[in-house]
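All chains are identified by letter, namely A, B, C and D, in their written order; residue positions are counted from 1 within each chain.
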C-alpha cells in the first residue's frame, strides 16, 4: 500500500470531514474550513481558519536556494532526541479525537497504534494526545506500552491532580517523555464533558515537571512571553505550535513565530515546531529556522486513517526522502549543517 | 433550533439574495457581489463591493497571539453601555429594508422584533434602522416599545423637521438611545421615494442632539475630519462604520480605520465599531483596537431571517462564546484587559 | 431597456468573445483572457493579459474616505471639454473592430452610432476609433457627421500622407477634435492588411497637429518620456492610456501611471485617462488623481452591442449617477473640488 | 497546423499529464500541481510546486512601459550564440523524459527531433536533455547528428567517467556545445535506475570543461555562491535556471534571481535564463534583466508533442513575433538596445 493508495483510502474513511486535497492548505473554500457556528471544528481551523492557513502560507513565503558546485557527500539525516537516536528529525505530532474531529473511520486505539508504531517502524518517534471521549481508555498509553515505551504522551491542561496521576501512568510504562498542550486551555468540548481545562501558571507547570523523572514537554508556545515563562518551569522540550490553528483564530504561522522564539529558547531546551508541514521541503525550512525537530499532524492523520501503522511509516519516510533530497540540493551534509544560509 | 439550522432556514428565505456562505467575505464572485448596473444592491456592497470585502480583509490581517502560562481566571465579558450593564459588548447593528435588500422572507416588523428582542434575550442590546419602505409603520419603534425601551433606534439623515419628530417618538417609548446614520446621505432609493436624505452639518447635528434627553449616536464616521466634527456636536456615542460597505465603494476596512480614529475619540465618547465582524475572534480584535462595543450586521440578518428572535439570541451567544474563549487564550480576564498587547 | 437588459442582450451577441461578467476585471481565468497563440485577442488583453488586469487592480488599490459632517450641497457634475460644456466628465472611449474583437453582433457603423449618438444623448461626448477592416467606409466619420460634428475621431498611427487626408475629412465634418492612438504602432493585424502603422516622432506629430484647425489629441501616453515629448508637439489633449491593456503586456495600471504623468502635463494640456473604469467610483478616483476627463471602453462596448444608442446613453448616465453619489459622500460639490483629499 | 491546433493535439496526447491551459502558471489547483506523495512529478513542480509558480509570478511582477514618440525603425531581433547567428535569442530548452513526465504521446526520439529540427527551422537553436529511460539510445545526439550538429546536448550530472564518454560522443557529431545540468543532482529516479547523479565540485567541472573542444555549458545555477564557482570552471555559458521548479521546492523565480547573478556573470560568460517564459513579452523581460538568451521549456513540450518539428518552429516564431512587437512598443531597435529602461 503506497502513499497514494493510503490517501485514497483515507478519502473514503474521512468523507465529509476531509477531502484529502493534493495539498492541505486551509484555504477558505476547503471542505473542512469556514465558521462552524457552534459545531465541532472537524479537521478545519478554529473560527475562520486563518491560523491554519497562516501556518501553510508562512512556510510558503520562505524561499530556498540551491548550492550545487560542491563535492558530493551523501547526507546524513540522523538526529538525537532526549538521548535517543532517530533516523530523521521528523515526528508524528500528538493528536486525538478520531470520532469528533476526523470522521471516526478507525478507533482511537487504532489511531494511537498507527501514530506510535508507524513512527517507530520508520525509525522515529510518535507522539499521541489525549481527548475527552476516550479518556478512560488511555489509548495513547496503551499503544506506547505496546511499543515498549517508544513514544511520547501529551495531555490536555487538566486539573493538576488529574495530571499528576496521568503523568505517573506514563512514567510507569516507560514513555520517552510526557507533556502538556498548554494551548488546550480554551477547549469548550473538554469542559462540556466534565473534564475542564485551564491556563497553567509557571508554578503549576513547575510542579508537574518536578513530579516525574520523565523529560517534560510544554507544547503550544507561540509568544515571546510564554517562551520566557516556559524556560522558568524546568521543562526539557518546548513545542512551538498553534495547535494546527485549532485553538485561536488569526495567529501567525509557526514559521513566522520561530524567528522570534528561537533566540530565546535555543540551546536551553530542545525545540520542536509544527504547523503546516506537508513535505520534506517544509521540514528543512523549519530546521533552518532553528527547530531541532519537526512534528507533522494533518498529513499523519490521513496516513493513519487510510493506511494505519504502515501508512504512518510510509508518510514519515516520504517526508524524510524529500528532506534528504533538499539536503543534497542545498549542500547540507548533516542535520546540524542546516541553517539560515539555505534561504534565498 | 441551533445556528446551523437557522442558517439553513435563512438560505431558503434569502434565495437569490444571499447564499449564506460558510464565511461571508464579500469576495467578487459571491452571489451578492458585483456591479448592480442600476439595480438595488441587495446584500452586497456598493459598486464593485470593495468596501465590503475590505472590512473582512482588514480584520483578517490582524494577528493574535496566545498568552497561556498565567494563572487561570474565568473571563468576565460584562460591559456597561450608557449606564446599562450588558452580558457582553456585542450589539445587533441597526438595519432595515428586509424586502429590498434581504429577500423579504419575513416582514420588517418581524425583523425588528428579532433584532431587538433577540439581543435583549441574550443579555445585550439590539439596534434597528429605518428605511423608506416601512417608514409609516415605525417597526423599529414598535419592537423597542414592546421590549420596554430596551433597544436603540437609528434614523436616516432625513430633513431636520422629520428627524425632530422621530426622535421625540423614540424618546416617548423610552429607547436606550437614538441616533442618525450620517452615511445614509447618498441614498438614491430614499430620495426616489420622496424621503430625501442629506449630509448634516455640525450645527444641524447639534440641534438634533439638543432636541432630546436621550443619548445621541452618530453612526457612519470613518474619517478623521468627521471624527473631530462629531466631537463638536455633543453626541454621546460615535459609531465608526462604513455601513457594511454599502454607501461608498473602496473605503478602508473599519479595522484599518480604528487606529486612526480611536486616538481622537477615546474617552470623550463611547465608540462602537462594525464592519466585517463574523466571529468572537473578530470581536476581540475590534475591542483591542479601541472600540468599546462591537456591532454585528450581516450575521444578524441571517440569524433574524432564519431563526427570528431565537436566531439572533443564539448568534449573539455564539459570538460571545468565542470572545470568551479568545479571552482565555490571550489571558484577558475582563473586557478592560483587552488591549493591543494581544496582537502578534 | 435598462442596463441589466442591455447586458443580457450583449451576452448573447458577444457569445464566445465576452461573458459579460458582473465585473470585468481581466483575471486570468476569464473567457477573454489567456495567451492567444497567434489568434486575434478578442476582448481580452495582449499576451497574458497583465496590463488589462493591472488597470483594474490599480484602481481597486485606491481607497476613498467619506466626509459627511458638512452642509449639504447638491453636486454639480458639469465640465468643459475644449470649450464645450458636458453634463459630466465621462466620455465613451475610441474603439473599433466590432467583427474581429467583439464578436460582430452589430455592424461597425451601428457601433459608431451607438458610441457617438449615445454619448451625445447623455449630454457628453463619444470618441470613435478606426480599424483596418472598415477603413474604406469611415463609419466613425459618418456617425459624427450625423451628430452634426458632436464627436471625436481617433486614427491609428498610419502613414503620414494617409493621416493628413483623414484629418482633413474629420475637419470637414466639423468634429470636435481629432487625434492619433500612438500606441497602435505595434498592430500586426493592421500591417497584415496593407495598412502599416508606425511609431511617430515628435516632428511627425507636429506636422499632424499643424495640418488642422481641429484640436489634436495624442492618445496612448503612459511613460514620462512620452509625456514630455507629447508636450512638444503642440497637441491640445493627452490621453493617458494603455489601450485597455491591448498593446503591450505587463504595463502599469493607468491609475498608477497618473501620479507620474499628471505633474508633467497638468495645466498645459487637457488630460484624459482610461483603463479599467467600471463605475462612477472609479471615475472619481481618476479625477482625483488629476485626469480632467475619464474615458470608458469595455463597459461601453457591452452597452453599445447590447443596447445601441440607448445602451450607451444609459451606461453613461449610470456612471454619472454613481459619480454624483460619490461626490455627496466625499463632500465634493463640483468637479473642480475633486482632489486627492478624497483618498483615505 | 497553427499553434492553436498544435495545442489542441497536445491536449489529447498529454491527457492526465497536462491540461494545456491558456496560460501555464503552476497555480496549486492545476492538473499537474500538488504534492505527488512518492509518484513521479509529471509536468508539475516538485513538492508543492512553489518554484514552478514562482517563475511565472516573478516575471509577472516586472512591469514594462511604452516609448512611442520616437522615429520608427523596424526592430532587428538577430543575435550571436557562441559565434553563430540566430534569428532571435530564444532557444528550445534542454528536456527529456517524454514517457515518465509528459504522458508518452510521442517517442523520445521524436521529441528530440522536434526540439532540434524545429528550433533550427525557425532559425534558432534547440537544446536537448538526457534521461535514465532512454540513455542507451542517445536520442538527443541522434537528432543533433541529423541536424548536422546544429543543436546542444545537455547531460545529467552522472559519474565523471560516464560524462567524459558522453561529451566525446557529442564532440564527434559536431554539436554546437555540450553541458551538464548541475541541478539534476538530487534526482531519485536516476539513482533508482542505476544511473546515480551527484553534486559536482569546481574541480570536477574543470575536468569536464577541459576534456573537450566544445564550448561547455553549466546549467542550473541560481545562487550567487554557485555563480562565482561556475566562473572558476572555465565554462563558456552559464544557464540561470531552477529546472522549471522541478528540483527543489520554494526557490525564487528566475526573474528574481537574474538581478543577483547578472552582475557576477555579465561579460565573462554567455548567460541564458529560463523559467516561466510563456510569451515574447516574458522574453524581453529576461533580456532586459541581463540574460543574453532565453530558453523556453514547457511551451516547447506542448508544441513538440502536439505538432512535432512544425510545432516547435511555430512556437518559436510566435514567441519571436511578440518579442518583435514588444521591441516596437519600447523603442528597442536591436537586441542590444533592450535594457532595464523598458521597465516601468
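Going forward, a residue touches a chain if its C-beta (ideal position, glycine included) is under 8 Å from a C-beta of that chain, and two chains touch if they have at least 3 such contacts.
Note that the structure is a prediction, hence the values are computed from the model and not measured.
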Steps needed, at fewest, to go from chain A to chain C via touching chains: 2
For chain C placed onto chain D, the superposition rotation in degrees, Cα atoms, nearest 5: 90
Of all other chains, the one whose Cα centre sits farthest from chain B: D
Interface sides of chain B and chain C: same vs different residues, half threshold: different
Length of the line joining the C-alpha centres of chain A and chain B, rounded to whole Å: 40
Between chain D and chain B, distance of the C-alpha-averaged centres to the nearest whole Å: 57
Touching two or more other chains - residue numbers and ranges from chain B: none
Arrangement of touching chains [line / ring / star / complete / other]: ring
Chain pairs that touch, as defined at the top of this document: A-B, A-D, B-C, C-D
List of chain B residues in touch with chain A within their complex: 2-4, 7, 21-23, 25, 60, 62-72, 278-281, 285, 314, 318, 321-322, 325-326, 328-331, 344
Chain B to chain C touching residues, read off their complex: 28, 33-35, 37-39, 46-48, 50, 54, 182-183, 185-186, 188, 198-202, 205, 218, 220-223, 225-226, 229-230, 233, 242, 247-252, 257
